[in-house]
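The first chain written gets the first letter, and so on, giving A, B, C and D; residue counts start at 1 in each chain.
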Amino acid sequence: MIPAWLSSAILLAPLAAAVLTLLVPRSRPALAHGLAAGVMAGCTALAVWLATLIVPGGVAYQGPHLPWLDLGGLVLGVGTFVDPMGAIMAVIVGLLATLVLIYNAWYMHDDELAGRFPWQFSLFVFAMLTVVLADNLFMSFVGWELVGLGSYLLIGFWFAKPAVKDDAFYQQMKGAGARGILEDRLSPAHAQLKAFVMNRVGDAGFLIGIGALLAAGVASGVREPLTWSNLALIAQGGALPGTFLGLSGSELLTLACLGIFCGAVGKSAQFPLHTWLPDAMQGPTTASSIIHAATMVAAGVFLVARCYPLFTPDALAVVGWIGGITCLLAASIACVQWDLKAVLAYSTVSQLGLMFVALGAGAAAGGQAAGIGHLFTHALFKCLLFLCAGSVIHACAGHQDLHRMGGLMRRMPITAACAGVAVLAIIGAPFFSGFWSKDAVLAAALLHGQTAGGAAWGPFLLACAGSLLTAGYMLRWWIRIFAGHERDHAVCHHAHDPAWYASAVLIVLAPFTVMFVWSPWLGHALGAPHSEAHAHAHHSAMLVASGLLLVGGGFAVLAFWWKDAIAAAAARALRPLHNACGELWGIDRLWDVLFTRGLGAGLARVSAVLDLGTRDRLASLEGAAPSKLSDALSLDGLIDGIGRTCRQIGLSSAAWHDGRLGAYIGLAAVIGAAILLLGVLL
Amino acid sequence: MIGALTWSVVAPLACGALCLLPGRAARWFALFGALVPLAVGLAALGDFARHPGADFRLVESYPWAASVGAGWTVGVDGIGAAMLALSGLVAAIATISAWNETRNPRVYHALVMLLLAAMNGVFVTLDLLVFYVCWEVMLVPMLALIGVWGGEQRRYAALKFFVYTLAGSVLMLAMLIMLWNRTPAGGRTVAVQAIEIQAHSHDGGATLHGLPVERFSDGSVSVTVPRGFDLRHLQLQWRTWEGERVLGMSLAAFGFLAVLLAALVKVPAVPLHTWLPHAHVQAPTAISVLLAGILLKLGVYALYRLAWPLFPAQALHWGWLIGVIGVIGILWGAWVALGQRDLKRLVAYSSVSHMGFCLLGLAGLTAAGATGGMVQAVTHGLGSSLLFLLVGVIYDRAHHRNVDGFGGLATPMPRYAWILLIAALAGAGLPGLAGFVGEAMALFGSFTAGGPFPWLGALAALSVILSAAYMLWTVKRVAYGPLAHPEHAAYTDLDARELAATVPLVVLIIVVGVWPAPLVDALRPACENLVAHVRSALP
Amino acid sequence: MSIPGPDSLSAYLGVAAVLFSAGVLAMATRRNAIGVLLGLELMLNAAALQFAAYGRFRADGLDPQGQTAAVFVIVVAAAEAAVALALLFAVYRTSKDVDLEQTRELRS
Amino acid sequence: MTGELSHLLPEATLAVGVLLVLVADMLLPAGRKASAGLLGVVVCFGALLAAAVSQRGSVSDMLALDALAQLARPGVLLATILVLVAGRAADGRDDGHAAWVALMLALALGALVTAGSTNLVSLYLGLEVMSLAGYALAGWKAGDRRSAEAGMKYVLFGGAASGLMLFGMSHIYGLTGHLDFAGIGAALATDMPLPVLAALILAGAGIAYKLAIVPFHFYAPDVYQGAPALAVAALGTIPKIAAVAVLVRAISLTVPDTLVPPTAFGLALALAAIASLLVSAFTAVASRDAKRIVAFSAIGHAGTVILALACMPGIMPVAAAAFYLAAYTVANIGALVCLAVFERERGSAALDALPGAMRQRPWLTAALCLFLFSLAGIPPLAGFLAKWGVLREALRVGLGEAGREHMTVAALILLASTAVSAWSYLLIVRAAVLQPAPEQPRAARLAPGLVAVVLVCAIASVGLGLWLDGFASIARALGG
């Protein structure tokens, strides 16, 4: 039997860790890290226990549930809900959090801000577990926002750091027209803002989705419509009761799903809201490893999977297409990035796109299981990749440009090996976890394409193209760092593997990249469907994936290891494409022009002038006419205009009271006579 | 012996008089004068949280003018209690933040106390005439506080505030006189709804608001309402006013528009908001705190206490318009805030945006929305007060408020940066902080209200983007990044007085954000009752 | 149309009307304060004349009220003229002029 | 006959008082002549006592001692006392004070006669006594150019107005055959020929002039600005009380309900009121002198009173007008007494001269603000309640009686003008309180009499504002 306190304890343990570490003096970072890691380890243990109780039976468990707010006929509650997907996710979150904390103790051992890391990190883990364990959409949303907060805090961890600008090397590179280098990135303070606001763009859609579900819930008379069970009840038959924004029935359900997906697009950095994630790499690499690789960005995938019963075919088609586009787009950009974390960031975006491709395929095609499965395997190997990247950056004294690396294999063998297996996993080499999970994704997309036909093939093809590129750029990444000759001795000569406990973290994570850790139990646990068609699709997908891997990987080995000239020639041959990738397909710039400078700063400034004008208020007080048209026509100018008009009337009236007695008497007589006439005539 | 609510008005007045005594004790008197209403309000709020109900409690009534029917009648429901507590709290914090006021501190504190007494009068009174009197009395101390202790263009801002808000509320005077005039001298017998008796009769239906209830054999129930200004009595006659004509419209429509105008100016709602940035920018910190923390709430409170109960059919009829005004305010305020460089002006526009949620919530006429609107009023009082205090902190050090003139203050002032971040996140509506509760409830209320409200709610939801943008952009420009000016490195972090002013607000923001149930439970019955009352006007 | 004789009310009223109009005109147009004062006297005398005339030509016989009123008017007019002249003198003393176009220190 | 004359005891007291003061001035040694002021106050108190004990009745068909007069008499006398106690208009000069007191008493005498008159002749006499005293008071500082100009304008414009009035009166007399109100009313009861209407309107000019109703208001700004502030305090209040009293009586006695429906007459009054309100509110905003602003505000307040009277017939409009006058009188006298101090110390009451007042005389400036806020109608001061009463009447009539909807409009215009005129009062507040100024020399102590007057006016301004039952009480006094 599952103890009632268990799920709550798992949820609250990171919060306790956050509070505890907040109380630890900032001068004792090691203590704080140890404390947090200890609590996280306990939390992981509990999660494992819970998983063992839930996963084998495939049961869903509703934990304690409390009302949080009674809005009068509408109740919002908090509580836990665990199914196999959630249980495994909780284990992964806990495990990675523990390991990352241990690793970070080394990574930040000489950072004076290190004491802040544990509590911010623990707060983030709490938020993430809130999303994972929530038993209703509202609580998910709360966790969702708090995840955003954690991400905000950790991206801006080094809040005082300027954007990289003053390094001679970067200036030189920039002068040479290089793209995709660190210099393109924002300062941490800017990046955290960008991340939060772009997440909020998605959240606005999320709120509207919640609105649709709430309206439907009220229409169907359910007191607490947002719990998973009640949502399923309300959305029975693929349609929602009631109307909202002029929609009803299945259209309304589609709207709700798209709203939720909109949130996921923001959080999971999908096209067109993906641009914040590469900038988020300004955070500590340890934070990136879990937040911007393994868990937070996966929250969008998780949420869509959690709300899967609601998703209508129309909504799923959108999910698949967005996933496919993102997969290819991000992969293409990753190919030309020189910042080693940026490559990983774009690869994360691309892989998340892959997960959405799977989800878009629909449950019947095995999409849900495939998407979640890839989420899990990706979480571990991507975390490992980031920790390895952290080791490299640390080893290279903070440098992270691929131009200046190379040959580090000899100086840091453990890191190189661990990174190597992780790369093999991400490109989907046989017997590695990625092989298995990516195969499932492609199989689901393929099957969906086969059954639905027509446009439904789109996501599959995009995903294939993305996979092809993934093999290329990830190998390039590894080769550029670890293989070949040392390009910049000044940067590389101090390099060494991390301290033993940090290396141990890498070594602990490495086995999870192996396929047999996951397969075949995970597919069963996630309820992947089995049939002739599925098996057939799996085989086809495996063939396709292997072919793509060979082509992409082969090219990478040739071009980046064997002969650099091939890469240069390819770049020349594909110059327009290469440039487009280097310019991030113009999306960042478009967003910058359209939203940051246009709708944001620009229009806001215009609105501000429209509202108050620009003129000197003291002058207007004395009745002076506004000097500019914009002042007279601003809202405030119009209001002041009323006052000015009154004063003007007063002045013209005062002109009649100008001290001429004769005029006074004459006026009195004339007006009096007029009144007399009027009175007599009327 | 006078009761607690009367004390909440008398104590500030008395303390205000004591403030004028020579010596340096004025600030202590002022603090005490603020703590009395805080204590009364908290006690009442606690009572409503423990025993939720829509009735008026702590009711006291003293005759004033029998020939007119006006009296000193006070009582609070959940909303009134919350507002009273908020007003005491904000006034106490404003007093602490002005603890070291050197320019004529005695008069300063005395004026603040007069202001507080007037505001409390509005919150506790159940008499329309007294309501109006207190409503207008506020203008005078505010005029002086902005005009004397304010910034460079204080005279312009003060006069503008005075004339603008006075002009906004004069029609309300006409309204209250009309209502009085149209009640026959001998009183009027009106039918009463069952819910009214359920909610407000304390003696099993024998009397209602102190009036004997007459029951007829056909089951109908009525009371005879005397001529006067008791809001509870006026409210019973709303049907009569639908039938009276004035200037081509019904008396109810006229009255509703009159209250609406007065309230919208105070709220302030776009496009009647432009006095606010001037007043805020020119006012000293503590007065900005009072202005944002309490004064703006009066507009919402007037809608809640006057417009909706007295003219329910009009509220139904014009609800969409209020909602539209609210949403315009939400979006326009946020957008303009994004374009501001003066920190105080920025916070002022954020107030315009946030107060829009109060209007949206009230307009939708759902229990969730109305409660959300009032909760938003309370939480905005906490959040915007904190923001103004924080602007004041750096103004005290840098003597300017230009956001571009800061940067990287988190390095010399870490505590400041954290509190600023919390305040900004509360303003951005982050769950777990107070700002989220009201906004979410108002939004959810709109989503479920039907008619045009889902559309309005969807538009309002877009403000989560803008609010995050202007709030966090501000934090970024002030606190983060490399230190913009080397001389800022010498800035000291928050001192004890500044912590004493800000930390209570931070704690409350977090407590209300995490555990809003007591507050919401205290406010909800009154709002539900209001919604039921208004909905009873449906044909 | 016959010219009204001295024994008809309308003749007196006509004269009074002319006097009155002349007075109003003088008051409204004269720049010199003395001239204005003269106009004032004309107006008052027009009124006095009317009182007297109305009293004399009443339908139901002579009425002393009209004559009385006329006397009152004359007396008060004299007092008023005295005060006015005193004030005019004060103005003259301070500004060496009684030109109303010049004495306009008090104005908006 | 003696019984009838006993009704005139207050007037007689004042008349004797005038002579007494003048005689005393001759007897008093130089340097002690200020005691004439004390004598004047004693005389006024005597008259007040006489008024308090006097019975109702009438003196021939000339004067009526009805409820109205009994209400107006104490009002006039109290206002006179306040102004007299407040001190002297002139600078430190000792010798002229007796004349000042005598003129004030004469002003009060004229006001009492006017307030009680029931006959065109007594009305004219009363008005002229008031006016003649007033002319002299306005031009009191004969050596001062502005004061002299004010006096001259006052007398010439006033003369023109009384000329118009007399012209109208003579026609009324000629057309109705009566000089007394009752007789005129009886003659008009059956027929109201057009010429009579015209004559009535002409005769009204005199009252309108005393009240400074548009278009007979032109003199007021110049006179108020130029005359000494204390003279303005008297001129702005005492004649108004008298004029309103006699106007009410004249309307109720002469205007027959049967022929000219009250609605038409009310409309005419309302129009005059609206014109006054608008002119006063807007023009005041453009003024640069505190006393000029007060003058324009006085025009508006007179308009408000007229608006109340436009709601006649009935007791309540009169009660509202009476209350309004009371509130206006205390606030106006208070404000002008404060301004008198500033005028004396700073040479002028122009807005430019006021900055620094708050630092130099904080309490006096605070009192000035209190009076201005009362005039502006800010609750809970007397001005608010007074306005409330007028609005109540206007809206009662406007909403309740068919064909008089214009009263609702008029009420709304009153409200709008309240907001605009608040702005003009704020100009004074701004100059005196908000405007920065260099350090001021420490001010000398104020005369105790002046302080007392300010205190009494302040207390009255607050107290009347809380006296919500006042309307009912006044109505009882008028009706009983």
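Quick note on the criterion: contacts are C-beta pairs under 8 Å (C-beta built on N, C-alpha and C of every residue); 3 or more make two chains touch, one makes a residue touch a chain.
In this text the structure is predicted, and so the values were computed from the model without any measurement.
Enquirer: Does A-D or B-D have the larger number of C-beta pairs in contact?
Expert: Between the chain pairs A-D and B-D, B-D carries more contacts.
Enquirer: When you average C-alpha coordinates per chain, which one falls nearest the overall C-alpha average? Tell me, please.
Expert: Of all chains shown, the one whose C-alpha centroid lies nearest the global centroid is B.
Enquirer: How far is the middle of chain B from the middle of chain C, if each middle is the mean of its Cα atoms, in Å?
Expert: The answer is 65 Å.
Enquirer: Report, in whole Å, the distance between the mean C-alpha point of chain A and the mean C-alpha point of chain D.
Expert: That pair's centroid distance is 76 Å.
Enquirer: Taking the mean of the C-alpha atoms as each chain's centre, how many Å separate chain B from chain D?
Expert: Inter-chain centre distance comes to 42 Å.
Enquirer: Averaged over CA atoms, how far is the centre of chain A from the centre of chain B? Could you give it in whole Å?
Expert: About 37 Å, centre to centre.
Enquirer: Where in chain A do residues touch at least two different other chains?
Expert: Residue numbers touching two or more other chains: 643, 654, 657, 659, 661, 665, 669.
Enquirer: At least two other chains touched by the same residue of chain D: list those residues.
Expert: 152-153, 156, 160, 164, 221-222, 283, 286-287, 423
Enquirer: If I count partner chains per residue in chain B, which residues reach a count of at least 2?
Expert: 155, 159, 163
Enquirer: Every touching chain pair, please?
Expert: Chain pairs that touch: A-B, A-C, A-D, B-D, C-D.
Enquirer: How about chain B: which of its residues touch chain A in the complex?
Expert: Within the complex, chain B contacts chain A at residues 152-153, 155-157, 159, 163-164, 270-271, 274-275, 277-278, 332, 335-340, 345, 349, 366-368, 371-372, 408, 410-411, 417, 425, 428, 430-432, 436-437, 441, 443-448, 454-455, 457-458, 461-462, 464-465, 468-470, 472-473, 476, 479-483, 516-517, 520-521, 524, 527-528.
Enquirer: Taking the complex as given, what residues does chain D use to touch chain C?
Expert: 120-121, 124-125, 128, 131-132, 135-136, 139, 142-146, 148-156, 159-160, 162-164, 166-167, 169-171, 173-174, 177, 179, 221-223, 225-226, 283, 286-287, 292
Enquirer: Could you please specify the touching residues of chain A with respect to chain D in the complex?
Expert: 643, 646-647, 649-651, 653-654, 656-657, 659, 661, 664-665, 667-669, 671-672, 675-676, 679-680
Enquirer: Using the touch definition from the top, list the residues of chain B that touch chain D in their complex.
Expert: Listed in rising order, the residues are 64-68, 70, 129, 132-133, 136-137, 139-140, 143-144, 147-148, 154-155, 158-159, 162-163, 166-167, 170-171, 173-174, 177-178, 180-182, 244, 246-247, 251.
Enquirer: Could you please specify the touching residues of chain D with respect to chain B in the complex?
Expert: Result: residues 373, 378-380, 384, 388, 391-392, 395-396, 398-400, 405, 408-409, 411-412, 415-416, 418-419, 422-423, 426, 429-430, 433-435, 466, 468-469, 471-472 of chain D touch chain B.
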